[in-house]
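Order as written gives the chain letters A, B, C and D; numbering starts at 1 within each chain.
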Amino acid sequence: MINVTIWNEYIHEKESEKVAQVYPNGIHGAIAEMLGKSGEYNIRTATLDMEECGLTDEVLNSTDVLIWWGHMKHSDVPDEIAEKVRQRVLAGMGFIPLHSAHLSKPFVKLMGTLCRSKWRENDEKERIWVIEPSHPICKNLPEYIELPMEETYGERFEIPAPDELIFISWFSGGEVFRSGCCYKRGLGKVFYFRPGHEEYPTFYRDDITQILKNAIEWAKPSEGPVPTLGHFEALENVKDKFEGQDESLKKHTYIK
Amino acid sequence: MINVTIWNEYIHEKESEKVAQVYPNGIHGAIAEMLGKSGEYNIRTATLDMEECGLTDEVLNSTDVLIWWGHMKHSDVPDEIAEKVRQRVLAGMGFIPLHSAHLSKPFVKLMGTLCRSKWRENDEKERIWVIEPSHPICKNLPEYIELPMEETYGERFEIPAPDELIFISWFSGGEVFRSGCCYKRGLGKVFYFRPGHEEYPTFYRDDITQILKNAIEWAKPSEGPVPTLGHFEALENVKDKFEGQDESLKKHTYIK
Amino acid sequence: MINVTIWNEYIHEKESEKVAQVYPNGIHGAIAEMLGKSGEYNIRTATLDMEECGLTDEVLNSTDVLIWWGHMKHSDVPDEIAEKVRQRVLAGMGFIPLHSAHLSKPFVKLMGTLCRSKWRENDEKERIWVIEPSHPICKNLPEYIELPMEETYGERFEIPAPDELIFISWFSGGEVFRSGCCYKRGLGKVFYFRPGHEEYPTFYRDDITQILKNAIEWAKPSEGPVPTLGHFEALENVKDKFEGQDESLKKHTYIK
Amino acid sequence: MINVTIWNEYIHEKESEKVAQVYPNGIHGAIAEMLGKSGEYNIRTATLDMEECGLTDEVLNSTDVLIWWGHMKHSDVPDEIAEKVRQRVLAGMGFIPLHSAHLSKPFVKLMGTLCRSKWRENDEKERIWVIEPSHPICKNLPEYIELPMEETYGERFEIPAPDELIFISWFSGGEVFRSGCCYKRGLGKVFYFRPGHEEYPTFYRDDITQILKNAIEWAKPSEGPVPTLGHFEALENVKDKFEGQDESLKKHTYIK
């Protein structure tokens, strides 16, 4: 079974009645419930208010794929935790930042860029168009998904060009957004997925759940080689072969 | 004129007689001399031993392209300086880390990965093969460049897949290396270029100088739009149009 | 001066009064007029009704960048002409297919895929969003361009993932489209640009003209190396060195 | 079970005693034998000398992944067969051209470029370095594979930049080569893999077989959406909304 940890800031749900109505068990609870139906995953949740944000070494080291939702309190995640998450991704853990987690510390550190965008809360319609239908993350999807209301995000999204661009979103108010972005980083894989604003029931949808399941399967640790690094012996004693040429080369050919 | 700043750690040249013989004026001095021949650039140099590493706000803010050579003392560059360099790149400054600067703070921060590799000092031959001959960085180059002796680097190089892979190096001892890597990051451009170890006169070569000149031209700040970020108005009042549907949507369609 | 050849099918303008009103001198005439204002180019035009489609060897061999508009009569372009265009691109000529030229023979041959898409003629609004503001094709552009009415295209667009995705279009009817796509192919560069339906005055716009000018500058032949191909001598007599090992290797190590 | 068809030109093995000793049952036979050990595939073979090259509609339409080895007689494969293969790939079939199949008709058609390279038959050593260890095609591989003797290929390899570059080969004679190249084309996936010259027992190796198995798993048809194409209705009657503006727009705003 794949070990999935769902991390949630878990603040809106406690502070806003409107949000609490949509996500009474928190966004993490909704995602856990939807993913849990299949029995395919060993699911844990973790939130900002837990000790070490719920991301102890024990939890992180036994996590195959980490899903992350955060918005208002990115800066409350300690740098050391964010750095641990980054290191785990580089060592092979899958990472799926959702929606406003594009500004979360671990994602920003992994991208190297500022990751800002345009945004607007305006109850607009979003259409998520599939751009690469043969990608494993598009398994069992229709050619587009329509969300009746979502927060609007707009380009330019300050990210490195994705290794694979899977989805582009259309918003009724006039914007587009690269809303499904795949990255390989170190030995790990990162899938940024744009929806789900806290005020809309996006994470209860079967199609969104399908995407998360596909992304978990895609992002789980690979079974490839772990490269050796640092000093490395030559295939054979190359130096001896070239030794005789050294002085003349240095003196006549290209040293000044 | 393009404002080029050449940053050098400048330690090997002062501490090793062997290196001092090759680069009596420092690696920065050699690059400055070679680039200066054409009179095309406004060149400054900066070193680790200068105040603020020679990278004051005044210098950075008036730099179009920053070349960076570092090796032993990456950690002596203060985090704030490294962060300032990163921010300047994201705002449009070109950045050309050379050789062991693949482990420099600004490059690692911009990549998000660990950027380690294999290495060996063995006087091996390097052949730098042109992979994308139509790229502007390949202007006036032959199809490969042979360096009689260089430090060997080997894959796996822990970088994000380059936006454009321009050169691949062959080493006589059995390794390959992605030695010319282009990245767009924020509004800036980054070109990582693999050669020149401090013990070899690589930076006096005309072909290497040609590559640096091509890279400067490619990496200099663009004249494209500076995107607006943050809250952004809709094209028209989309919300009103959908307002009437809210409750039914929430109750019947896809809320639980 | 850059030699620009503008190829146009030139049928709609002769057969439809509505189109003739918008483009009395043909789409090629309008583009030629707009590009010609700066005096930077040596401009020729060619049309389907000319001998050899106006693309004789003499014309093609002296063309730096070929702009191509076609729609109804792609199949009337002889295969040999399309193949000549492809060969010229692979040898270094820039190629800029516009709008419905995504289904033109030379583009389809260069892509290898079918290049179909969704479409609708519905007088919708198009917003072309800049995704990579530091790319040379975005020089002097605003962050988006709004076309009050255009033909709508929609994903999925059956193209190889672009080497660089520069623009994404938003359409008021609910679609998105990768509308500025850069490819390196052989020694040549290809820029697919989505607008200009024949019924709208898109090609008279200054912003569209700016994009074409940027694309010409980007796509013009490079001055990089022309790689040698075919049989190629080894650096040194490698075979001799390994000769002695042949038989044992074959017998014992990995032959069955 | 995945339906794998192995196509082989099957000429060298019949005409050269040396090759016949290495591949007494043909290269296709060796690959079939190695892949067959696991019982995971439904394997068929097809050769140039069969009717329709063994690639009847029935065979092609029931093939999930097509492996292709060819060298001397690329031009003997009829254009219609090559086109059928291309169409099947674009419709979702996986395609794995091996070694000199980089010049096979189906691969060249799918790439759009000429796909030539340097080459030399010199019994050189090849080291295939893993560049993207987390890619599914690298499952259960070491960080590099050493082939004691192989035909040498060298860059520049005239291909579109791969969507994902998995392997780079080093050759003892001084060349490098992009030897593991992933492409998505239409709904299908293509993996070009550089080794095995007909004179060496490369296809009997367990590591090479592992790569082929990984590639089959990666390239098999996806279960993603099949996009609709052609005319497509708007989300709502957008045209009506903009209708009133037409004339003024055309007259005053941006028509000449």
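We adopt the following convention: a contact is a pair of C-beta atoms (placed from the backbone, for glycine too) under 8 Å apart; a residue touches a chain by one contact, two chains touch by 3 or more.
Only a predicted model underlies this, so the values are computations on that prediction, with no experimental measurement involved.
Distance between Cα centroids is largest for the pairing of chain C with A. Across A-D and A-C, the chain pair carrying more C-beta contacts is A-D.
Spacing of chain C relative to chain D, judged by their CA centroids, is 25 angstrom. Centre-to-centre spacing of chain A and chain D amounts to 30 Å, using the average Cα coordinate of each chain. Inter-chain spacing, taken between the CA centroids of chain A and chain C, is 34 Å. The residues of chain A that reach two or more other chains are 125, 127, 130, 132-133, 143, 154-156, 161, 163-164, 174-175, 184, 186, 227-228, 235, listed in rising order.
Taken as a graph of touching chains, this assembly is fully connected, with contact between every pair of chains. Against chain D, in their complex, chain A makes its touches with residues 92, 125, 127, 130, 132-136, 138-143, 163-164, 184, 186-189, 222-228, 235. Residue ranges on chain B touching chain A, taken from their complex, read 22, 86, 90, 109-114, 116-120, 122-125, 148-149, 152, 154-156, 158, 160-161, 163, 172-175, 183-186, 201, 204-205, 227-236, 238-239, 241-243, 245-246, 249-250, 253-256.
Remark: chain D residues 127, 129-133, 143, 154-156, 161, 164-165, 168-171, 174-176, 178 touch chain B in the complex.
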